[in-house]
């Protein structure tokens, strides 16, 4: 694993809020990060759906980690802004996020995150339901 | 307290994710909601700042509650989309959110949320630092 | 051509602002619309790049037309909100937009638009440069 | 008029697309810019309302000009992204934009734009109708 992927894994896992939500890192590549949460009652809003804040958190953090795979040693990324569309009321057993960098850059990195729900028993991607999509702007700064 | 404010208070407090984050409702009025979180390590990202997901969650949920004060019995709101700008790396003891409805509507309600950090000891508003601003689009549907 | 595609073509072409910008409709399908502008000096901002407003207009209008292909007779769409990331300073001879619906709906339709620049002489897609990406929320209403 | 205001005025007025739309600069201050368009048929979409692209262009350009009042000599701003909510179908004789900087910065400047319509005959602000609100992220670069 390259140094930048090691650093990206460290960033993903070392955020206390992410650990407290139960976010897990699944896949890391150059400009790519996949993650998931095993959904529980604590992730719900008032009507039993997955809270928009849970989806936003996973979309933001996974996008940020995808960006970290592209930066240099001594740099870090901070979210400058993001926008998320909640496409459907989300329910299910797993919340899955797939983030990839749309535009790398020295100052700004733009990434997109797609959020899916999935039933645990289903083996393939056919059962994925797209529930949200986010665009994230990350600022690259020196540590 | 009017029926719509009672319902708004119920919505704010009955979301398990909001309770798990430690979000507290402070003020409710017609089209207005204020809230706060007492910050702890669990709200942080990898560098010790308040995670963007925490700020987004508070901005979304408080905006949604402000919208609930304006809907009719038998209706509910769901976040259709939101956008948040993280203006500064956020640290402090309290995270405060002030949401108000920019445009009411039968189908869509648009609200804005301002997120501030504050030191606990400070008595007045002068010590508030604006750390994020969000625009939230809420869809009104029948229960 | 089906009735909904005829209506979509009418909507695209009958907007005076779109005609004044020189926007042309290229492709229409169910939930899909492609368009372009032949770039001239009048589309520029102060540094000679394509103005963000030109890119936003093409992204919005093409997304809206993609949405119109999915609505019923007697309905129309209005943009509720959109967000656009300008990924690169845009220059070139053609501005091309490809929009597709991410999520259809009776009340809200979410579409995405990708904006490219292209040199006129180039025959294939290899020369396309992605310069902007937008997410557009369209409200469906009765005429 | 200070050098930065002179430069901001030059930026506002020297964009060919802005001139072709008939955008006029009204007020300039530190971090503030107001502008307007006298509305004509050419600014309309297919139903006779002001096109979202016209509102977005005025919101973006006026916000950018507000940002230019805060940068140093030899720098310029480019729009990194913006988001606009179209709050009401817009009609009227004047389209007015009021932009102000929410957060200055060396790398990124965040500004907000409010778009109003107004009847020409009305003398005061009471007749202003808020039709759109935008948040604009501007990247500061060296010329």
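Here the chain labels run A, B, C and D in written order, and each chain numbers its own residues starting at 1.
Here, contacts are C-beta pairs under 8 Å (C-beta built on N, C-alpha and C of every residue); 3 or more make two chains touch, one makes a residue touch a chain.
Being a predicted model, the structure only gives us computed values, none of them experimental.
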Intersection of contact partners for chain A and chain D:
B, C
Centroid-based (C-alpha) most distant chain relative to chain B
C
If you average the Cα atoms of chain B and of chain C to get two centres, how far apart are those centres in Å?
34
Using mean CA coordinates as chain centres, what's the chain C-chain D distance in Å?
22
Cα centroid separation, chain B vs chain D, in Å, comes to 28
Multi-chain contacts only, two chains or more: what residues does chain D have there?
80-81, 83, 85, 135, 137
Could you draw the chains as nodes, link the ones that touch, and say if you get a line, ring, star, complete or other?
complete
Chain D touches which residues of chain B in the complex?
83, 85, 87-88, 102-103, 110, 112, 130, 133, 135, 137
In the complex, the residues of chain C that touch chain D are 10-11, 14-18, 20-21, 41-47, 49, 51-54, 56-58, 60-61, 76, 78-86, 89
In the complex, the residues of chain A that touch chain D are 80-81, 83, 107-108, 135, 137, 139
